[in-house]
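Two complexes follow with chain A in common, the first pairing it with chain B and the second with chain C.
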Partner chain A sequence: MTGYDVYSIFKGALSTISLSLASIALGVPFGLGCALARWYRIPVLSPLVISYVSVVRATPAVTLALLIYFALPDVGLSLDAVSAAILTLTLSTGAFNTEIWRGALMAFPRDQLDSAAAFGMSRAQSLRLVVLPQVFHAALPALVNEMTLQVKSTPAVAVIGIVEITRAAMRVGARTYDPLPPFALALVLYSLIVSAFVIAQRTIERRREIAGRPA
Partner chain B sequence: MSGFAIVWQNRQEMLSGFANTVTLSALSLIFSLVLGAMLSMALNGRAVFPRRLAALYVDAMRCVPFLLFAYFIYFGLPAIGLRMDNWISGLIALILYNIAYMAELLRASWRSLPADTIEAGHAFGFHGLGLFLRIILPPVALAAVPMIGNQTIQIIKDSAFLTIIAVAELTHAATSIQTTYFVPFVSFITAIALYWMLCMVIETGVAFAGRLAEARR
Partner chain C sequence: MIDVSAVRRLSRGALATLLIAAGLSAFSVSAGTLDEIKARGMMNIATEDDFHPFEFIQDGTPTGYDTELVKLITANAPFKLHQDTIPWAGILPGVTTGKYDMAVSAVLVTDARKKTLQFASPIAESTTYYLTKTGGTAIKSTTDLNGKAIGVEAGSAMEKQLQALDAKLKAAGGAGVKQIVEYQGYPEAYQDLALGRLDAVVNTQINLEALIKEKPGVFAMGQPIAEPVYIAWAAAKGNDSLIAYINSLLLAARKDGKMYELQKKWLGASFESMPETIQ
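On to the complex of A and B.
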């Protein structure tokens, strides 16, 4: 492996990280929106969310990426590879995030909502001030777990030509006829990214614990 | 509408891809479950060295994306002199990867088994493998069924990655039909519908096993 090979795998890491972050930044609020649509039983939206989650949860990210990249131009919506990749990853992580948010919302005690209403809070106020802070805390571990799974499913978009860590390592391996060193480097990079998420989660949890402690 | 007609004409290819996906997933499920159960014995065992080794394996697998691991098996093993065709190396990659996940979820389920069950087993003279097979495994496996079901869906989804090393599974068949006739929408939607059906079957099975577990309690 030459210095340039190492550089190209690191460049792949940059695209893995930015794709993951973009799809997480879009997918987490999207999942929350979907979960709230089900929680409030919003007419048309709620059954739509149910079928979205059921189908996308069962669809491999590779197949979804191919569908979005090759089939959307048929209906007049042509996306470049990067947007198609972000859309794919957002939709797939969004389905799992919906289930996580929904689980946290279902576990939320109803009497708090009643007391919020008794204090004259509107629905939006009680959502923002009472429900979300607690639900976020309950959902955080599962959300971070899903984020690490998300990082591991980014290689799916290699199929539409995105060069991320796995594909970059593959290229180096194919060129040098010695696949083990680039794969080992890729493994190290993935471990670093995944552990960054886990450490971030622990830090947030510790901060919240300190903040939640009575003075 | 002609897209559906083209996919229907090529249903043979699509269905053989589907059959490959089902076969690969079923074989990986069986092998990874059996070997994962053995690994979980090491994870929960008292012997220090096997436990460390098993934990290292599980942690390593949980850090690698499946595609990277599949590449590793496909390109890496020939480098040390093991040559296999891509179907077999895809299957081996699926099995080795999922052993770690199965072992981990069985370990978690084992942890939640009350200690008195095992003590009662000891009192009745069970030990070693007999204790594991008769006392520990049945409740642990039944309690783990929903998680095993989720992991099975994950196996099915991971098997789609094997299209990249040219294993003729469902996504590969859909891609091949789409590149020949240029019917991307219908061919991928058909593939997704088949994946969805397969996962529905698994979820139904999990619900059935859940009722079975409820009846046993």
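On to the complex of A and C.
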């Protein structure tokens, strides 16, 4: 491995991190919106969410990426590779996030909603002040779990020309015929990225614990 | 002997997608004809990133035989090149759906592919060989492949050739290949051969010779397992004007010997008796 090879894999890591962050930043609120649509049983939207989740959960991310990049131009939507990659990863993680949020919402005691209504809270107020703070706490471990899976599903978009960690490592291995060193470096980089997510999760949980402690 | 229904190299997951893409391409706008390419001043081409020595990445820049050849022949063309470097799985769907005007990639010519693709004049000839480790191997000829574990890229034309060989060995009364191990890419197959998990790997002679040159003393060239086939660039079916133009450039590069120089530089041999067109 030359110095440039190492540099190229680090560059791939930047691409992995930015794609993961972008799709998580879009996919987590999107999943929440979808889950709320089902929780409030909003007509039209709710069945749409059900079909979206079942289709995307059944579709490998590679297939989704190929469809979005190569087939959408046929219906007049031509995206560049980076946008297509972000759309793929957002749709993919969004479906799983929907189910995570929905699970947390299902566990939420609905009688609290009645209490909130009795205090004269609007639906939006009860959602913001009563439901979301508790549901967020319940969903956090599963959400972070999905985020780490998301980091590791970014190689799927290599198929449309995005060079992330795995692809950068493969390119090096393909030239040197020695895939072990680049993949060892890739493993280290993935571990670092995933541990950053886990540390962030622990920090949030610890702060909430302290905040939630009786005075 | 060669199973012509082969798709050269394609992961199984992507195969389904290719079928979807091929279905969708039925109502797609076809890729740019020569006039459209001239009008937009740009030809969109797709090249692979891990098929040494035909195409690979060196210090962040695409290089290899295909990349140098396409640059050479289009130096005076009335359009510029826009080259995307993507993995094999995206190359042919990209061409059939019209995202790319041409796959400037080492596409093995098969009858199945001729149904959806239009091939340009061949750029190389390829024969599939088996490769073993140096020293102490019990494999001296193709018949010794009976009972051996052999690695190949999933969904490739080479895989079909290996399956045909397996059938031939069994028909001759042998045990046949013990196991055909499928890989997503060749670097991993070579690694497993070096580690002793495989007895042999099959790939084109050109790729294997480049490997042996790069890692001397580790691998030894075996025998051919199939008849020679041609390697050519491919455009979408029916894009005759583009193919005719590219053919004229390719044949000019053969006439003045520049293509053969590049072949010697990258492929270690020159192929001067190839046909001028593929139909």
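In this section, the second predicted complex is superposed on the first by the 215 of 215 C-alpha atoms of A that agree within 3 Å, B and C clash if a C-alpha of one lies under 4 Å from a C-alpha of the other, contacts with A are read in each partner's own complex, and residues count from 1 in each chain.
Methods note: contacts are C-beta pairs under 8 Å (C-beta built on N, C-alpha and C of every residue); 3 or more make two chains touch, one makes a residue touch a chain.
All of these numbers come straight from a predicted model, not from anything done at the bench.
With the two structures aligned on chain A, chain B clashes with chain C.
Of the two partner chains placed around the shared chain by superposition, chain B is the only one that A:T166 touches, whereas chain C remains out of contact.
Once the two complexes are overlaid on the shared chain, A:A58 sits against chain B while remaining clear of chain C. Looking at the shared chain after the overlay, A:Y190 reaches chain B, while chain C stays out of its contact range. Once the two complexes are overlaid on the shared chain, A:R123 sits clear of chain B and of chain C alike.
Taking chain A as the reference, the larger set of touched residues comes from B, when chain B and chain C are compared. Of the two partner chains placed by superposition, only chain C is touched by A:R175; chain B is not. By the document's definition of touching, of the two partners only chain C reaches A:Y4; chain B does not.
In the superposition on chain A, contact is made by A:T154 with chain B only, not with chain C.
After overlaying the two complexes on the shared chain, residue contacts for A:D74 are found with chain B and with chain C alike. In the superposition on chain A, A:R202 makes contact with neither chain B nor chain C.
Among the options 77-85, 167-175 or 185-193, the segment of chain C that ends up inside chain B in the superposed model is 185-193.
Once the two complexes are overlaid on chain A, the chain A residues touched by chain B in the first and by chain C in the second are 60, 62-63, 66-67, 70-71, 74, 158-159, 170, 173-174, 178-180.
Interface residues of chain A, counted against chain C in their complex, comprise 2, 4, 8, 60, 62-63, 66-67, 69-71, 73-74, 81, 158-161, 163, 167, 170-171, 173-180. Residues of chain A touching chain B in their complex: 54-55, 57-64, 66-67, 70-71, 74-75, 151-156, 158-159, 165-166, 169-170, 173-174, 178-180, 183, 186-187, 190-191, 194. Listed in rising order, the residues of chain C touching chain A in the complex are 13-14, 16-17, 20-21, 24-25, 27-29, 49-52, 56-60, 84-87, 89-90, 93-94, 97-99, 185-188, 190-191, 211, 214-215.
Those residues of chain B lying in contact with chain A across their complex are 60, 62-68, 71-72, 75-76, 79, 153, 156-161, 163-164, 170-171, 174-175, 178, 184-185, 188-189, 191-192, 195-196, 198-200.
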